[in-house]
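Multiple structures follow.
Two complexes are shown next, each including chain A; its partner changes from chain B in the first to chain C in the second.
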Partner chain A sequence: MTALRHRLADRGVDRNLLLLLPAAGFVVVLFVYPFLYGIGLSLRPPEGGPLGAYRRFLTDPYLRDTVTTTLGLSLPAALLNVLASVPIAYRMRGRYRGKRVLTTLLVLPITLGTVLTAQGLLNFLGPTGWFNRALLGAGLIDEPVRLTHNYWGVFLSLVITGFPFAFLLVSSYLSGIDPTLERAAATLGANARQRFRRITLPLLAPGLATTFCLSFVLAFSVFPSAVLVGDPAGETRVISIAAYEAAYVQYDYVLASALAVIMGVVELVVIGLVLGWRALLYTGSTIGKG
Partner chain B sequence: MSGTGFTELRLDRVSRSFAGRDALAELTLTIRKGEFIALLGPSGCGKSTALNCLAGLLPLSRGSIWRDDVRLDTVPPERRGFGMVFQNYALFPHLSVRRNIAFGLQMRRVARAEARRRVDAAIRLVHLEEHAGKLPGQLSGGQQQRVAIARAVVLEPSLVLMDEPLSNLDAKLRLEMRTEIRRLHQTLGLTTVYVTHDQEEALSLADRLVVLRDGEVQQVGTPEEVHTAPVNRHVAAFMGYRNLLPLRAAGGAGAGIRVEGDGISLVGTPVGTVAPGTGVLAAARPEDLRIAADGVPAVVEVVEYQGREVAVEARTDAGTPLFLRSAERPAPGDRIHVTAAPDRLLVFPGEPG
Partner chain C sequence: MELRGRRIVASPAGWLIWGAVLFFFVMLAGVIASVVVSSFGTRWFDTWLPQGWTAGWYGRAWDDFTLGPVLVVTLEVAVLVVGLSLLIGVPAAYTLARRSFPGRRLLQLLFLLPILMPPITYGIPLATVLYKYGFAGHLSGVVLANLVPSVPFVILTMTPFIEQIDPQLERAARMCGATTRQIFLRVLAPLLVPGILAAAILVLVRTVGMFELTFLTAGPDSQTLVVALYYSMSSAGIRAQQSVDAMAVIYTSMMLVLLVVALRFVNPTQLVARVRDEDP
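Let's look at the complex of A and B:
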């Protein structure tokens, strides 16, 4: 037994890694198999050859445009979530009184869930919600601003539910950056802006790339809010709605599978681009002592 | 903002408190251009607080800092023109050695050609020519420390602040870098404030020492003054007076004073006023006690080989431990007599109460 362990160690294999096998099996059964099955299914349409479902997707604007609609929602929402997290998390570094309360408040929307958020948005931003009533009452507008059941409703919902994730991730990346580095930069003549730009930001950038990828994936699979606070037949007809309709309204599993595969491919392309950019960055230690 | 043309830097009652407690109380000190000052004391004595106050990384609670007639304590750190070497080096991990060293020059918008020349000179100064293109993570601890020093001195700062720069290095490297730091200080004509808890480091490097305890200055003086004439028991204890004997003053004995108690009777030199009959603390370094034919009887307990000498721990009949060094080599269990030169046994007045 010892000999086996040594032989494995010689090849750089830690025997404890074998403990990962059940998890790997789980992934194969619950993810890889359905994924491959879905791909296979998408290639067996009743007519039009193996790529028939994909051809239909490309030629039917009602289907094809769901990709741009989804990207149009998820890319700006993920970007905003990451960019808004940076200054807030940056200001909230270090130890001080009330930090925990503040963090809890910022992270609370995670616990709400999309449906509750949608409910809140409808009550607050709807045509007869507080927001519009306040603006009307103040005489700032003559008729209610439309912020629900359209693009902006879904966008706001994505920001509300996505921001806490981005904020938590960015905070943890920031806390891994040695604060002495900025102090050193200060003694070398860098002002606050230069310290952030030249020291903190480059060390944070790989973390921002990862955060963006995760935020994007979360936003890309938007479904409930696109239905509840969006315009699911029009400007917020995202790809997951199209897939749902194909599968459970038209019972066209081939098309639904094709849409799911397309979803995955689009996500992979975006993540690949971002990670490709990340690979160009410095991704080593973020403390001053190597 | 280059401040090389100054004559002195004054700290006027510089104080800093945390949560109502003074971490540094009323530090008043004049640093002359070209001086090497060591702030010395055990951890928590306020030495790092003093350094951070000087650097501008920590605002003062009270007091002021002046460079000639320019008030500095209200100037942000990036405009003070001081260089600082941090305990953990604080090298920018994403920048090469060269770009770490060039960072301060870039911030000061030094022209490219001039910056290149100065960075090259700094790299040569710390012997890192072959490593200029590497990232800090690829360097050893000693090399990283040299980058940190080069980065601070390349700006020709009016003052270089060093925060325990050698504490993360192993013993051999520490000695080498110590010499290196002193050499740089001299050849570049730097003014240096150096924080350490290592008395040997402070004594060997500094022109003047500031000994701190609980945020308060205990003594300011040359290494020799602090080494041979500590002003109080705390400085003595910190400067290696390992034998601290609570005794009683018996009366004058020539130029000195006789101290007694627990079977010990020795003659020492009073520091301050010591009234006969009062409790005192007699302090001596191990190297100032010696084995003699006559003196305090004691039994050898531990003998440590230390090259040319041995370190001996003995115990008097009353149980008081004595630490001494000896050229001859007694064996554990031997009965010896210990004595001290009167001028090397310092007698401090007892603490009130």
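Let's look at the complex of A and C:
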């Protein structure tokens, strides 16, 4: 008994690991078990064999197309959020007066929540809103641009809520890169563009991949804004709307679980691709002197 | 050389970037201002500004949507989720950061998954399970569902803070005869206060703003403010638009206070990597 305990302790297993038990048990009971339960449920439809719900998904275009709709919204939105944050965060590095205020302003939209954003977009971009009014007044357009209750409304809402998040992550990755590396490159004669392309960008790339993944997760689960500023029955019928309707409107838990599983799989495939690409990049210390 | 990058007078690319930032701010200001103006206006159709001004919508929103109880529920859920997720998450973060043992990477992946999955994907099966055991529809179900992403989030935020503490401190305490529990309470906890505060505030902000999980598990008397707001807006037509606006303004001011408090304690740009100070 003592010998076994010693052998285990050599490999790092002892009583202190019990500290992990609550968290591990918690994740298993409230995350893993429900997920497996959902998968099990999705394989037991009343008719059509174990894969009936999935077959229904593949044959019904009203369900199948939700995947492309969701990806069509979330991929461009996440990409734009990450790509826009890089130059802005890069410009905002270093110390200067008013940095904290500027950061706070850029992060402000986190507080808005989807409903105020939706309400604001409807008021501001609507046919009689200030935006159209200003463009009409300036003579740039002849009739109001339609920006709400369609794809663009949801897209803008995803940018407003997602950008601050991407910006925060990118700037925290950027602040982890030692500025002396760039200074060293500068003394060797590299100009600003070369310093960014050859020094900063390669060190930042893994962080960008992570940021893209997290932004994508946020955008992929778009639900409230797709209902409120979008066109939930047509152009912006995303997969989470379909899953919600199946569970809470039609009470078809089998189909709802199948949709949740499909949603998870699609999302994990995208993340897997991005992280697989990330694994090819350099992910070591970003501090110069070591 | 150094100064040039910091001045606002910069290259064309610099102008383009500041232009984009400015455009973002103009859009943002428009979105926020249109809601605030509308919440104080009487009638607003096809004009630049409403015809008259009133603060009455706030009182009406308060009564219409029974905001008092909703705020109490929001507070209860937030406090319970923050407290429980810290209790469960901090010891786990400590063990994961300090020890190596078989299966450690698997556990880390397991703790990362709830953050990487969109809430709806696990929210629907979770709500089904919670309904099956009678938790959903009550406060307990809402709290349990919200803990699922919060515990891993605490672990993720706490890990860098724990890694910064010198392990020799614990060894020294142990040499002096302290038990694990004493080490936790007397040595680690005081050193971890900044990290715990940061994690607590971030979880608080996330929980107050979490829509999907609360929406899927809440019953009529366990709605938080976000969910009540969503219902008020999606059932529009019954209520005046302006009272929804007023409620959205109340929600945002609450979140704003939380965010300002959070920014006092947490430097948002240093969440991922803690960096030494830049040379002046």
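Keep this in mind: the second predicted complex is superposed on the first by the 274 of 290 C-alpha atoms of A that agree within 3 Å, B and C clash if a C-alpha of one lies under 4 Å from a C-alpha of the other, contacts with A are read in each partner's own complex, and residues count from 1 in each chain.
Please note the rule applied: contacts are C-beta pairs under 8 Å (C-beta built on N, C-alpha and C of every residue); 3 or more make two chains touch, one makes a residue touch a chain.
Values in this document were obtained by computation on a predicted structure and should not be read as measured data.
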Exercise. Specify the outcome, clash or fit, for chain B and chain C once both structures are aligned onto chain A.
Key: fit
Quiz item: Does chain B (first) or chain C (second) touch A:263, or do both, or does neither?
Solution: second
Practice problem: Please indicate which partner A:202 is in contact with in the superposed arrangement: first for chain B, second for chain C, both, or neither. | Solution: first
Practice problem: Have a look and say if chain B or chain C is in touch with more residues of chain A. | Solution: C
Practice problem: With both structures superposed on the shared chain, find the angle between the C-alpha centres of chain B and chain C as seen from the C-alpha centre of chain A, to the nearest 10 degrees. | Solution: 80
Quiz item: Which partner does A:58 contact after superposing on A: first (chain B), second (chain C), both, neither?
Solution: neither
Practice problem: In the overlay, answer first, second, both or neither for which of chain B and chain C A:181 touches. | Solution: first
Quiz prompt | Which of chain B and chain C A:190 touches, first, second, both or neither | solution = first
Exercise. With the two complexes superposed on chain A, say which partner A:27 touches: chain B (first), chain C (second), both, or neither.
Key: second
Quiz item: Given the touch rule stated above, what does A:111 touch, chain B (first), chain C (second), both, or neither?
Solution: second
Practice problem: Enter the shortest inter-chain Cα distance between chain B and chain C once the structures share a common frame, rounded to whole Å. | Solution: 5
Quiz prompt | On chain A, the residue positions that both chain B and chain C contact, one per complex | solution = 178, 180, 186, 286
Self-check item: In the complex, chain A residues that touch chain C
Solution: 11-13, 16-17, 19-20, 22-24, 26-28, 30-35, 37-38, 41, 84, 87-88, 91, 94-96, 100, 103-121, 123-124, 128-131, 133, 156, 160, 163, 168-169, 171-176, 178-180, 186, 192, 207, 213-214, 217, 220-221, 223-224, 227-228, 240, 243-244, 247, 253, 256-257, 259-261, 263-264, 267-268, 271, 286
Exercise. Enumerate the contact residues on chain B facing chain A in the complex.
Key: 1, 55-57, 76-84, 86, 88-94, 103-104, 107-108, 135-139, 141, 144, 151-152, 155, 161, 168
Quiz item: Can you list the chain C residues touching chain A in their complex?
Solution: 1, 5-6, 10, 13-14, 17-18, 20-21, 24-25, 27-28, 30-35, 38, 45-46, 48, 87-89, 91-92, 94-96, 99-102, 107, 110-111, 113-129, 144-145, 147-148, 151-152, 155, 180, 205, 209, 211-212, 226, 229-230, 233-234, 244-245, 248-249, 251-252, 255-256, 258-260, 263, 268-273, 275, 278-280
Quiz item: Which of the residues in chain A come into contact with chain B in the complex?
Solution: 178, 180-181, 183-191, 194, 198-199, 202-203, 282, 284-290
